[in-house]
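First the structure, then my questions, so here it is.
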Amino acid sequence: MIKINKLYLFLIVIALVAPSLVYPVFLMKLLCFALFACAFNLLLGFVGLLSFGHAVFLGTGGYITGYLMLHTGLTPELGILAGTLGAGLLGAVYGKLAVKREGIYFAMVTLALAQLAFFFYLQAPFTGGEDGLQGVPRGALFGLIDLNDNFAMYYFVLAIFIFGFWLVQRTVHSPFGQILKAIRENEPRAVSLGYNVNDYKWVAFIISSALAGLAGSTKTLVFQLASLTDVHWHMSGEVVLMTLLGGMGTIFGPLVGAGVVISIQNMLSGGELGNYIHIIMGLIFIVCVLAFRSGIVGEFQKLVKKNFG
Amino acid sequence: MKGTVTYTIFASLGDVMATIFGINLFALSGQLLVGLINGSFYALLSLGLAIIFGLLKIINFAQGAMYMLGAFFAWMALNYMGINYWWALLLVPLAVGVLAILMERFLVRPIANEDHLYSLLLTFGVALVLQGLFTHFYGSSGLPYQIPAELKGGTKLPFMYLPNYRAWIIVSSLVVCFSTWWVIEKTKLGAYLRAGTENPQLMQGFGINVPLITTLTFGFGVALAAFAGVLAAPVYSVSPEMGSNILIVVFAIVVIGGMGSIGGAILTGLMMGVVEGLTKFFYPEASTTVIFLFMVIVLLVKPAGLFGKEA
Amino acid sequence: MSADYVLETRNLVKEFKGFTAVDDVNLQVERGTIHALIGPNGAGKTTVFNLLTKFLTPSRGTILYNGEDITYMKSAAIARKGIVRSFQISAVFPHLSVLENVRIALQRKEGNSFHFWKSEKVLQKLDARALELLDEVGLKGYANTVTVDLPYGRKRALEIATTLALDPEMLLLDEPTQGMGHEDVSVVADLIKKVSANRTILMVEHNLHVVAQLADKITVLQRGAILTEGDYATVSQDPRVREAYMGVEADDEVANAIAAETAAANAAKKEDVA
Amino acid sequence: MSSTGEKLRISDLHAYYGESHILHGIDMTIMQGELVTLLGRNGAGRSTTLKAIMNMVGRRTGKININGNETIGMAAHKIAHLGVGYCPEERGIFSSLNVEENLMLPPNVRSDGMSVEEIYDIFPNLAERRYSQGTRLSGGEQQMLAMARILRTGANILLLDEITEGLAPVIVQKLAEVLVMLKERGLTVLLVEQNFRFAAPIADRHYVMEHGHIVEEVQKHELEAKTELLNTYLGV
Amino acid sequence: EGISNDVVKIGVLADMGGVYADICGQGCVTAVEMAVEDFGGTVLGKPIEIVSADDQNKPDVGSAKVRQWIEDENVDVVTGLVASSVTGAVTKVLTDAKKIALISASASNAFTTKACSPYNAHWTYNVAALANGTVKPMVESGKKKWFFITADYAFGHALEGIATKVIESSGGEVVGAVRAPLGTTDFSSYVLQAQASGADVVGLANAGTDFVNSLKTAAEFGLTETTDVAGLLVFTPNAQALDPAIAAGMKATTGFYWDMDDQTREWSARFKARHGSIPAMPHAGAYSMTMHYLNAIKAAGTDDSDAVMKQMKATKPDDFFARNAYLRNDGRMVHDMLLVSIKDAASRKSADDIYNIEATIPGDVAFNPMLPECDFK
């Protein structure tokens, strides 16, 4: 217990000083994706549901926040709140449909539903289509702190991330989380104990989509832009990759996975290798699945257990 | 009354349009036929998925990439080796099937006992790699492929000009789909397949070489996609993106149909093509989403799918 | 005074595409008894069970529970009314501890199962009751064991403890001893006996020893219809039952053994009463 | 290769499911025409022994000689063709096939299997429900079908796992008769049973397993003398 | 003032692997490299450095990259710029940072109209030039009734919109339009609708694979035989991908054709030797605008954006690409465009020989006049 607390303390200190060492916008991007991956991991890692359309919630949060910030002059915290709620609402609708199917079907249903939304956003007038919503103002937090300053923005994003991260942890270790665990272990038994398992999956889906929306809303503020990228199925694939690579069902896996994937993308987007980005992502998928299923954090934990446990 | 309608239709074979309730019947029939053509591709692809799913219990996310590969191989065969369309139609599915067999043997089988979500992710990775490779080497603008000389031209139907090649697409894919259905539902080999689907280990115990059947089935399911790819090459441009676009739609179709039966996969595929065609006619803006909306409705009223068995 | 029936069926019929699996069955389960359903293979026992627990819908007829018509109620609703079915498949949560297994069942009534913002520590107040239940089935010492590591028979016991946590009024057991070794069979039989206090149990069972030992009343089904009813002694003497189910030339040794057990059981019952 | 001698010889058989080591060096020999049972408590490894013979476990080492062929390195699907018929504990009826298709499914491994008529004679329930979907049968009917299925193939070494499970006593008695009849025809049977009362009168020999080891071998004539011992092993 | 950070850093942002990769991807990088080499590799004694990145046609990826280039890597100017959506987002970032955007491949005319900025320079072509170049002469020659198959996103809408204006102002009418989603593979039902519309001309307001697929389908269903089909935006790689039997005779407007004269052939040969294929118009444009930018630095004696921009507008670009050219105050580079027609198979001497040049369209005819609010001095 103490060890864990020390670890958290250490991480927070690093997070606090990081922006003076690394380009802050990069860090903010990382935090947004880490939050997105944490939200996704709540479903995949702790309920065993592979949502292959999670980008739709990231994007929905982003569009709502972007639209409101552009056209109503809301303060950023309210804009983000609205985006989060909107994504959660969409999650409620999609989740209700998706939990009717299991396993691979669940993955296909979520993917198809996300594609439905993608086409909607592509055609709907308020999203700006391919252009996206550009020039979204960051505004002033509570009307006081100007977020156009990258440092101010960074600490705001960090606070949001910590909140999201905490909520995921809390959910996993809550009475609700107990039932989720039971459902993952033996679904028919949970049913026979009188639990309406679809409702539990549904609530988990809503929490996860709202958090994904939170990540999207935040990301829109950081980059001052909401676009189709965030609702595209490639993005859904990316978050799967982050979680898988980092270690699904682990606490820090999504964080590590997001860090690695974002860094790789950053590295590749520069040079000659840009061409290879899909090939490399694909190869990572293959390698992870074949040899590395527990992900970086998972394998590390195994190693520690073997040598010290 | 009946007579009058018929009369109207026949009388209008010239350039007078046959209209009922303000709907242009000729245009409608045209769209229906076009929908059927698209449905043929959907049917081939979802049939391939269903067969693979049946025996391996995995969804082959690379099915779209294999379709793309089919089209590319046809192009490469023609341009590098001078192999014409007809040979390609035979050889390319074989070649892609062989690749699939290697993929099954070296990538899919090692994780056969893991959660099937992993194989979904694995095949997703394969799809990304294939798509990336072809984009890298051939760009993304698409490559041209000629309609074979024998099938150039078309037939003037009362309601539309039907290119011969499109007619060929419908006929050939229906023949392939129906033959596949017949083998699986009506023959002893099919019984092995169906039983192997449920309990491969026991089938082994009965003396049936299930790994071989599994591998061949995977190869065959993928070959169907490649076949569709070769069929598609002359009408859609051969491009790395062609597979991923269609695959998600096919996924929705699979959810609608429910993977319950081989016949169901074929029928749903054709049906959704027609539904899409109708939408393009009545309300084109929704044509990209109609199949997904249809899926939503099916999920609401019959979660297991139109042909799915209740869990 | 007419007997107090917990569960009754009236002219229950189930047809599958022209095949009548359950044919006009009038079953009456008396409160506080152990009632066994036996009969040859394919007689319709499992089908009756599925009808009672709403896994199947009757073609005709009514099902009454405490006088209330539950014929078309959903299975989750019935579970909440107090009819709980146990499954043959190992119905445990393998990677949770034994204690947690029981706690999951207790948690339902707490009404906090959707509280994702609370710490799971709030569940600790259920531990005492969970331990009590584990004690009842002799698993107290295993409370912190991970469930996969339990021997087969103990898993069975755990499953029953979990079921009891729901505090059911009526238990439906489909072949509870199937696939068990002799030792486990008697453990489970004892357990059933033990938990039958204040409850009603309806079970399907092919193991005549268990039936003889436990059942207060036996209904014999054949080809979907009730052949005969009564206590073990009556039923087992019925020549039709012997022919259709037990076999005409029932091995004397077995018959004797059964008779002895029945006697012992009856004796025990009388002692209970006294 | 002798037609009368050993049909099955197992030495130092180890079997694993993934990481877990289940069988720890099994040795047994079964002669033609013998009916041998494997007794033991739940989880002792009896089913695993049969599965290991069929090469249906994760990994196995040791020697398994069937009808004179060493099979440890043999692919699973080849084993049946040595004349082995396996009836699994969980029955394995196929729901996508009807009863008759299920019955006809396994390929013949030898020519002298029972005819379908003969089989329907033994199990009249099956005849009655022959066009029904396999898994729509009642539990007991499925058990009958699973047994019937391998009688048809002509296999002469039968590995039977808990075949009386869930069957009404009448049918159990009928099965006992069938096994005796098969034995008389010269078939070799390895029977996993919980139902000792069923097995005792018809078996020639018994192996007792515990924790993946064979701990005792009991001949038919020793049964009486070793009752005590069996009781402690099996808790009868 | 001199050169900031002692280096001139040029960022090339393009689509390295997506649907526009052949139009302006690695090829644009190559073209910029050629410009820097031809310029001599240094300016005012300081090195010229090139960094490049893949925008994946995503506005967010592109703008994030550019932000990082500016804030973290001291990039002075961004060139390439393909998908209009990316360009829109990027020019916002650049304008905020007072850095110059040299736009080569984007089609939208927004960067010199409603999203104009003193830091934008839009080279090669735009939708207005396409409409004026291709559509106007056709309407004037009597093809009055038009039907559009339009790519259903900003670019397609813009192209259709501006073409519609041209048609109507020239006395024609638009009898209908269908919007096909980006990346549609099956155009048959749209073609059927076009057929049923009774139009004289079916305009393809799309680009890239969409253009190729829609045209192929039109030919297959016999539309090309009964009706004129006009491709509004045709790049050479797409024209090469088409069966000459289908495409022959089709007219298109382009900002550049490699085989125009000796000057273009000389440069194109060098480009092909390095890149493997003949240059499409954005490649040539990328070279031309980089060259013009470097010349302006040299002349201004500084790489300060305002000074350089002023210099760029003051001197006329003149090279193999830019003919009769000048950079207008709104950032529009006005130059002669070409009206070409696609050759049939028989008259092609090689695989690269695809166009006949039909006419030269003077820059002032091709491009719409400057808006007063965009007149940045």
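Each chain gets a letter, A, B, C, D and E, in the order it is written, and its residues are counted from 1.
The rule is simple: a residue touches a chain if its C-beta (ideal position, glycine included) is under 8 Å from a C-beta of that chain, and two chains touch if they have at least 3 such contacts.
These are the chains along with the protein names UniProt gives them: A = Branched-chain amino acid transport system permease protein; B = Amino acid/amide ABC transporter membrane protein 1, HAAT family; C = Amino acid/amide ABC transporter ATP-binding protein 1, HAAT family; D = Branched-chain amino acid transport system ATP-binding protein.
This structure is a prediction, so every number in the text was calculated from the model and none was measured.
Between subunit B and subunit C, the least number of touching-chain steps is 2.
Under the touch definition stated at the top, subunit A and subunit E share these contacting partners: B.
Compared with subunit A, the chain whose C-alpha mean position is the greatest distance off is D. For the interfaces B-D and C-D, the C-beta contact count is higher for C-D. Comparing mean CA positions across the assembly, the chain most remote from subunit B is C. Distance between subunit B and subunit E, defined via averaged C-alpha coordinates, is recorded as 37 Å. Distance from the subunit D centre to the subunit E centre is 77 Å, each centre being the mean of its Cα atoms.
Look at where the CA atoms of subunit A average out and do the same for subunit C: the two points lie 46 Å apart. The distance from the centre of subunit A to the centre of subunit D, with each centre set as the mean of the Cα atoms, comes to 53 Å. Each of residues 119, 123, 275, 277-278 in subunit A touches at least two other chains.
Contact with two or more other chains is made by residues 17, 181 of subunit E.
Residue numbers of subunit D whose C-beta contacts span two or more other chains: none are found. Pairs of chains meeting the touch criterion are A-B, A-C, A-E, B-D, B-E, C-D.
If you check the complex, the residues on subunit B that touch subunit A are 53, 57-59, 107, 110-111, 114, 116-122, 124-133, 135-136, 244, 248-249, 251-252, 254-255, 285, 288-289, 292-293, 295-296, 299-300, 303, 311. In the complex of the two chains, the subunit B residues touching subunit D come out as 191-192, 194-195, 197-199, 201-211. Of all residues in subunit A, those touching subunit E in their complex are 23, 25-26, 29, 119, 122-123, 128-132, 134-135, 150, 223-225, 227-230, 268-271, 274-275, 277-278. Across the complex, subunit A is touched by residues 76, 79-80, 84-85, 87, 89, 91-96, 100, 103-105, 107-108, 110, 112-120, 122-123, 162, 166 of subunit C. On the subunit E side of its complex with subunit A, the touching residues are 16-17, 26, 51-54, 56, 58-61, 63-65, 67-68, 71-72, 83-85, 88-89, 92, 152-155, 157, 181-182.
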